[in-house]
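We call the chains A, B, C and D, going by the order they appear; numbering starts again at 1 in every chain.
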């Protein structure tokens, strides 16, 4: 059961270029949490007709109100409006939407987050109670956000930057390759980030025969599966929908050439 | 020279059902004041494309900022937005627009205001330094606003209410007739209010051979005379424009049957 | 809620209230049934069906514009047979009217679909003629009176007792010409407006936002066009009208009804607020009660032109 | 301001920047000259002229809609002769291009006006074909290719050296058909879009807000329709295009230019902010500079369709 409700902003801070917000979401988590990797669909003022999809970073059931955190970057009108909201303001939030990652709490996963794709992986780290390895990538050091949180909730954290300003100098898929070849004990690779990154990570995982799940982005309307605008091309020629069938897909399902 | 500028709200209070606001308007009065009866064209938020015309109630040159007051009733979306602004907020104001009443500071006028047409007459009262007689009308006692201010700035103040809850029980034109027949010394009748009232007042003034000026309303676009939407039908078959040629017209010019 | 009779009749089909959801914006009802009881709706125009399943167009399929959206979904649907076996039974659980929306490549396809749907027992068939006619060289049926009439004729011939409503495209010089043609060919009702063709370009990438380059404009931006066209059509034909295009409040619905619509559909506004149809219904009730009406249907066609 | 070349050429007429003001929204320039120096504009499309003075339609002539407005001014103007004697000399004081906009009841009237205006020395004549043709029974010239061509032909024959730009109505099934017709008849440029017909009803009084019942929709709401039509016309004809419809920011203007416009006009947005044309110009300059362009005109037609 999804809900649409006014949710109060109870914390707001800047993390790198991004904004981190915690919301009181009533019973939204209790009513609709399935797995980390789901998203919320947020109304950004009266002037914009379309809600904006933002991944859940972390969330917890609580009384009287469940808590949910999001992390987002300002990209355009909607996220600019969102970044302008203050502590105590309310947001019109529809959620939780989507399916999230298919993962076992007791599993050992390699989590890969690129740029603004980092935050949703934190939920996966917390869900799997400290067993995961996280590989965080970004253009430069300041794009690697939430590293401290990951260090708390992961067994191991590796970083990669395009410019070498932090950790490995290069792309995350090189670290994925190194990690998978050194450690054969992963139950799967879970990734969120820009599409080219996802494609490369998926390729590496496939080489090692490790199942890989990726979180995809697409422009959305309803956010619940009714309007069919958020199509994602599948390898078998069909089209699935990011908001309802995703945003997480098995990497082998996806048509990477679309 | 007209200006469009951000003007700070420096006072806001409720007068009856209406909102009274004072604005700091920079040099707007110095630059564009012509006579009482002009109006300002106010932007009411990003979501509404059209500005709303509101008459100047009273205004004065001052340093560093001229001061201007408006009084308005909530009628729809725009005025609702306006009424929601708070002390210290800024409004995007274009003004002063229109011509105002043609009157001499030393003249003796009979000022007639009906309902939300009362406030602009206050400027006329102040401009003519206490010599005027004001006739204020409304549906009931609470619609007669600013009476105290008029008592300060007029030689005489009469009220009429449709329900008899204050002053004369009936319409203002009855008081206009009484006043004009008792006192032949008026230089003119100046009126603002609903069209049927203006028409009746104009008729009485005409009977007595006293020049009468009326402030007309029409839906506006630009507010400066460029788009020609605010047409007012004239007795001679031509169409003049409320924002530029008016809002004040000689009552004999107007086609009252349009 | 005020005590106003909300029921309306559209081509003999009585609905508990005049608010239906617009085709393509509500899927087959499953998703929004998570938010409210579908029995609260006057009716449901289901997602547009084709004879065979279709995957629709590549993404992006949506773009935002000032008080509007563009979409280029392109009739993704499981096909009419899957609708009948998989979706119709679900919709039938609810006490609301089910209106199937169909698009064909040829008049024959419309005919086959009507036959299947009439057999399966939908309450009404909405014939979408905004799609290109393959035989006539890709020209949209909805832009030529003779083609629109042909499709209507074939649909009626195969729909049995089920009323046929033809949905008009606003992308025409004279909407009354098309309306008269489909009425002449036997349409029981007319719905309008479908989307207006538009485009948005990302000025940085220089790419159209939609992968199909252009798409259909809907949402509040089109409301004045919808009101005008409903008014024109209401004067041109006698069949009842389902009005739509930009409705997000009771007042918008009242405008369409005053202009001549017997009922209204809500589409795009759902995306901002899933509860819009219920709010529109309640807004209409308040507005009608405020005007002292005993029934909301008294609004239909009651505009007083100057 | 960034160092970008802003000048553009439209049918041989070189403008210092691509931003002109749209006909009917700027009068004859006097009013807005109180806000800024008119020499800052690329050009001015003057209020639409007719052969004889006209008082236009009764008020109300304007209504607000979601991100749009409806107007029904109906060509109030002092007539072409008064324009030439009273208004043109005023406009000529400024270093900007003056584009006269004309509407006629018959092709002959267009011809007479063109002759007068060419003699008086305007920089360009914009032929508005959205008005009804009295001879053809009130059908708008702009909705029938053969009528549009006829008017264009007569205008060209009487305009001498002055370039003739034909302004298209968006209220048509296929805008490219009209565009090709007027190009074929000799139009030097095409401007679009004029307003889309719409209606708004006051649900309390049940009266249309406009005294003419319907009016023309303009403002941001129509921008996606304008972009689509400019793009379609740009592919259909070779003559340059003046794009308009809903421009209120540099980005909007860039969309129209990428779609194929050589210059853009700003209309409705003036009413909210008199300085919009200058802000659009500056926004275009910043945007072009940000893309590393040496000249804003490099945007024209550079959309990359999928």
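Going forward, contacts are C-beta pairs under 8 Å (C-beta built on N, C-alpha and C of every residue); 3 or more make two chains touch, one makes a residue touch a chain.
For reference, the UniProt names are A, B = Dihydroorotate dehydrogenase B (NAD(+)), electron transfer subunit; C, D = Dihydroorotate dehydrogenase.
Note that the structure is a prediction, hence the values are computed from the model and not measured.
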If a chain touches subunit A and subunit B alike, it appears here: none
Euclidean distance of C-alpha centroids - subunit A vs subunit C (Dihydroorotate dehydrogenase), Å: 36
Euclidean distance of C-alpha centroids - subunit A vs subunit D (Dihydroorotate dehydrogenase), Å: 47
Shared-contact residues (touching 2 or more other chains) in subunit D (Dihydroorotate dehydrogenase): 63, 67-68, 219-220
Where subunit B touches two or more other chains at once, by residue number: 47
Topology of the chain contact graph, where touching chains are joined (line, ring, star, complete, other): ring
Pairs of chains, among all present, that meet the touch criterion: A-B, A-C, B-D, C-D
Residue ranges of subunit B in contact with subunit D (Dihydroorotate dehydrogenase) within the complex: 1-4, 43, 47-51, 92, 94, 218-233, 237-239, 244, 258
Subunit D (Dihydroorotate dehydrogenase) residues touching subunit C (Dihydroorotate dehydrogenase) - in the complex, by the definition given at the top: 63, 65-68, 70, 143, 171-174, 196-201, 203-208, 211-214, 217, 219-225, 227-228, 231, 246, 251, 254-255, 258-259, 287, 291, 302-306
Residues on subunit B engaged by subunit A in the complex (per definition of touch): 46-47
List of subunit C (Dihydroorotate dehydrogenase) residues in touch with subunit A within their complex: 24-27, 30-32, 34-35, 47, 55-64, 67-69, 71, 73, 76, 209, 219-220, 268-275
